[in-house]
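Each chain carries a letter (A, B and C) given by its place in the written order, and its residues are counted from 1.
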Amino acid sequence: MEAYLGYFLYFLSLATVGGIYAIFALGLNVQWGFAGLFNVGIVGFAAVGAYTYALLTTAESTFHYGGLDLPLPVGMFVAMVASAVIAGVIGLICIRLRSDYLAIATIGIAEIIKLILKNETEVTNGPRGINKIPRAWEHFSEERFYSSWPMSWFNTPDGWAVFFDALPNWWWQPCFAATVLFCMYVIYRMLERARISPWGRMMTAIRENEPAARASGKNVTARRVEAFVIGAAIMGFAGALFAQHLRLIEPTNTFDPAKVTFLVWVMLILGGSGNNRGAMLGAFLIWTIWSASELMISGIIDLAGYVFQTFDTGLLATRAGFLRMMLIGILMQVVLQKYPAGILPEVRPASPRSNK
Amino acid sequence: MKKILFANTLIGMLATTAVADVNIGNPMALTGPIPDLVAPMAQAVDLAAQNINDQGGMFSGGEAYNVIRADSACDPVAAVDAVTKLINVSSVAAIVGPVCSGAAIAQAESVSIPAGVVTLSVSASSPAITNMENGTDLVFRTAASDAYQGVALANLAIAKGITDVAVSYANDDYNVAIAGVFSEAFTAAGGTVTANEAHEPSKASYRSEVATLGATSDNLALFAYYGSGGITLMRNALETSAFTTFIGADGMLSDEVIDQIGSENLGTTTFTTSASDPTTKAFGAWKAIADAAGVPASDPFVPNAYDATFMIALAIEKAGSADREGIAAALREIASAPGEVILPGEWEKAKGILAKGGDINYEGAAGNQDFDENGDVAGLFSMSSVVDGAWAATLIE
Amino acid sequence: MWESFGFEFVNFYFIPGLVLGCIYALGAIGITLTFGILRFANFAHGELMMMGAYLTWTIMAIATAVLGIAVHPLLAAIPASIVVIYLFFWTDKFFYKPFRKADTIKVVMASFGMMLILRSAVQVIWGPNQLTFVPGIAKPNPSLLGWSSDIGAMLLIPNKHLFIFAGTILFVVVLSYILNRTRIGKAMRAVSDSPDLAHVTGIDVDQVIRATWIVGGVCAIAAGVFLAMDIQMLETTMGFRMLLPMFAAAILGGIGKPYGAVVGGLVIGLSEELSAYPWIGDAPLLSPGYKTGVAFAIMVVMLIVRPQGLFKGRSF
């Protein structure tokens, strides 16, 4: 029974992280899938969202600015706004760049954001990062939350302490996973609405044939900035969830471009860019492969050691992590060549007239 | 293709859960920024497990003590994922090993503390770990906090007659922390820190940094990992003769430094490390085991890795089962007096005493490993300088 | 006063900046040619540079082990470059060519994936640990020091840097000969300037692409080996760390302009090092923690202000 609980909890963690990545992928889908903006600075927006959330919601600390001890939803919302504002500034300046140039510019900007987070030690605690970030649901069992309003309304601190002690220690996991998935679903519904709206169809038109869209009087630049900002806001939101999941963020390793930017891109390309459901499917699939491949590769190495008794698996085992990276790279090449449109290719919204 | 992979997953999972062995999880930064530091630590962990299994295994049934390794990559994202799998899928009894402080804190706060699993870190030395728990007693470490090593290094510098020093530290969690403690302690002890600059790890050249710092002092306190920029900075400093004396902490202490820079250039270099008292019987016992197995006995945190693996086994043996609940309390009991002193490798003896209900006190390769109320150890420090082309360590009193 | 200023400035800021600039410049030549002729940003360029250095190291190690002779890195780089050029051809054939008619994004993604594959391949084969390229420390060249202190300048330049300077100059001279005097070089410039026109005039595009990979590849290996000579060690991330500054150099110089890339590389290298010079007061102008950001900042500003680069390269 214990073992099944373990598998269930691992499944929940896959769903949680997969869900967070799915939100990243949805954000990228707005930028790339809808508007054709080649953003390779996802990690920058994720970091802005995560740091904003962390600084606003952690308890007061001597290590970094704040924390301001604000309620979690406020932190999430401001994280979104902060990311959107930064994207707005970047967008206004860079949006007219052609795809590769925009890619290089966004990489550069993401690196500069990371450098700022790393060097402005007074505010961010530098490379040591921010810890004790409150996680939704689990935070209710922290004393600073249950001894203050609104929780103190319902029960005394001692009463709450007894209440949380009685729950199994994993009680918050299903709740947190459900929250992430719910957020993902809401964002997905909103984006679906946007996609089939006139705005969404205009985006497709701009992406597919910019001169024609311009000629028919569309404000191409403004639409692109919009898509960039909306996508970045979603990424900032996902960044805040990411911070909750990890509970500690630091600029160097947490926000490694290979593991955030690149992984999200692979997810979107594999799932099908332009298709919101594809983006989510790709995220869950790639994250599951990424996470489970560690178990798989150690299984394969064990098997190799078992079959070829003389084979020294020690060296291979220490380098298994790199094999995993290689596997993901090869998988992406295969997908790019064999399924250029992804698993779920883009479906054009039917125009209202032909719908009838 | 996919089917084969899935079949392999199943085999892998069955292999780890079917046997009623004692499993512990060992997240190590096999990839990421410091794989070269970690590789010998992983060897030490395996060596401890091998010693235990060679000497009769766990409990009366002689069950195998398995180390299930995972890759934390020094990265909170990977560490949280790896430890989730270890705890939930591999059902490990305890976690030994998260290496980098950031990854260790993230995995503990996000996964292992909520799940009630003991974490015994081998090298996470950040002062932030001391106060990270809210009322639980689940995080321990066999490496001393940087708060101690920074002070030890500052006192050493004063004792060597250094009155002013320029500080250069790599901008990563470990080195920022220890450089901060050092500067504070050095100033408090009457020294002057003439410049205190961060440098970005893993750059191709540090000549401008060296020049800026070199203008202020003849002595350099260098806090960096040798594997990510430390050697380059040191080499640039030597090439330009900007400094005459170098001091630093254990991130720089490796044979690699001698191989790359050359022992003839390291005459005025002293690095401290949270090592062990080589005159103790415990270190002697460890050195014998490590030399026989070809594990570098004095490399940074390698004895700590052996101690951690061994102590978790002792704690599980003491608790009488691989249930997660009793391990923290048992760990405290086996680590400190009262009890018969157990040295590294003495598994059979310890097992015999525990079977009779006796008390033991593990004296580790890296120090006596008595935990304080925060799960920290005080630790001893040694200073190493180059003698006859190799690092020679002497203990700092 | 002037003397102390000059001594410190030249030896500790200017010359290191120039060394870094030479390495960036050689790497950027390949990037700018690929960008101009094949029309995509090759993210795997840094990894190929790194592979070149690793192969050179391997050949040196084999030569020492089998023949018992120490081979100079630049000599060992010759066989290594043949292997890497084949690697260039091979990646082009299997991973880039299928996308030649498709969106740019596809081939850029493919090069991104190639970057991961190559780096992890090196990490699996050679291991993630640092390898010693040349042990010891490089003291300044004594005769240059003696000569320069006679005239009161006191130059502290080690031999490895003299090699790098000479090598870079040699490469640029040979490159300009190839581009200006040979048929294939002219064809390359023609394709870079106007692909349609070049096609109409009957230039063999496949041949031009092969030539691009060879020229870019040789420069990349030179850059990788020079970098390894400078830092005297090998790391698996050394290529990736150089990638963005090299992009910055290529953009600064103007895409498709090899000379622009050289100038861009030197400018980026110098500005990275000089940003830490105490121009005002005693403290570094910019905290060394931000040093890596200088190249990115120049690149972003350049993209926004003058995307065609200093030398009127292609602007898309």
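One rule holds in what follows: a contact is a pair of C-beta atoms (placed from the backbone, for glycine too) under 8 Å apart; a residue touches a chain by one contact, two chains touch by 3 or more.
Just so we're clear, the structure is a prediction, and the values are computed from it rather than from any experiment.
Per-pair counts of C-beta contacts peak for the chains A-B. Ranked by distance of CA centroids from chain B, the top chain is C.
Taking each chain's centre as the mean of its C-alpha atoms, chain A lies 32 Å from chain B.
Separating the centre of chain B from that of chain C, both taken as means of CA atoms, is a distance of 38 Å. Residues of chain C found to touch two or more other chains are 123, 127-128, 287, 289, 292.
Contact of a single residue of chain A with at least two other chains is seen at positions 118-119, 319, 322, 325. Each of the following residues of chain B touches two or more other chains: 31, 35, 39, 171, 198. Across the interface of their complex, chain C is touched by residues 32, 38, 93-94, 97-101, 103-105, 107-109, 111-112, 115, 118-119, 258, 262, 265, 269, 319, 322-323, 325-326, 328-330, 332-333, 336-337, 340 of chain A.
Every residue of chain A that touches chain B in the complex is listed here, in rising order: 2-3, 6-7, 9-10, 13, 17, 63, 118-119, 121, 126-129, 131-132, 135, 138, 142-143, 169-170, 172, 245-250, 252-254, 256, 259-260, 291-292, 294-296, 298-300, 302-303, 314, 317-322, 324-325. By the touch criterion stated above, chain C contacts chain B in their complex at residues 8, 11-13, 15-17, 19-20, 23, 123, 127-130, 132, 135-140, 156, 158, 227, 230-233, 235, 237-238, 241-242, 273-274, 276-278, 282, 284, 287-289, 291-292.
Note for the complex: chain C touches chain A at residues 35, 40-41, 95, 98-99, 102, 104-106, 108-110, 112-117, 119-121, 123-124, 127-128, 244, 247-248, 251, 287, 289-290, 292-293, 296-297, 299-300, 303-304, 307, 316. The touching residues of chain B, when paired with chain C in their complex, are 31, 35-36, 39, 171, 197-200, 202-205, 207-212, 214-215, 227, 231-232, 235, 238-240, 242, 256, 259-262, 265.
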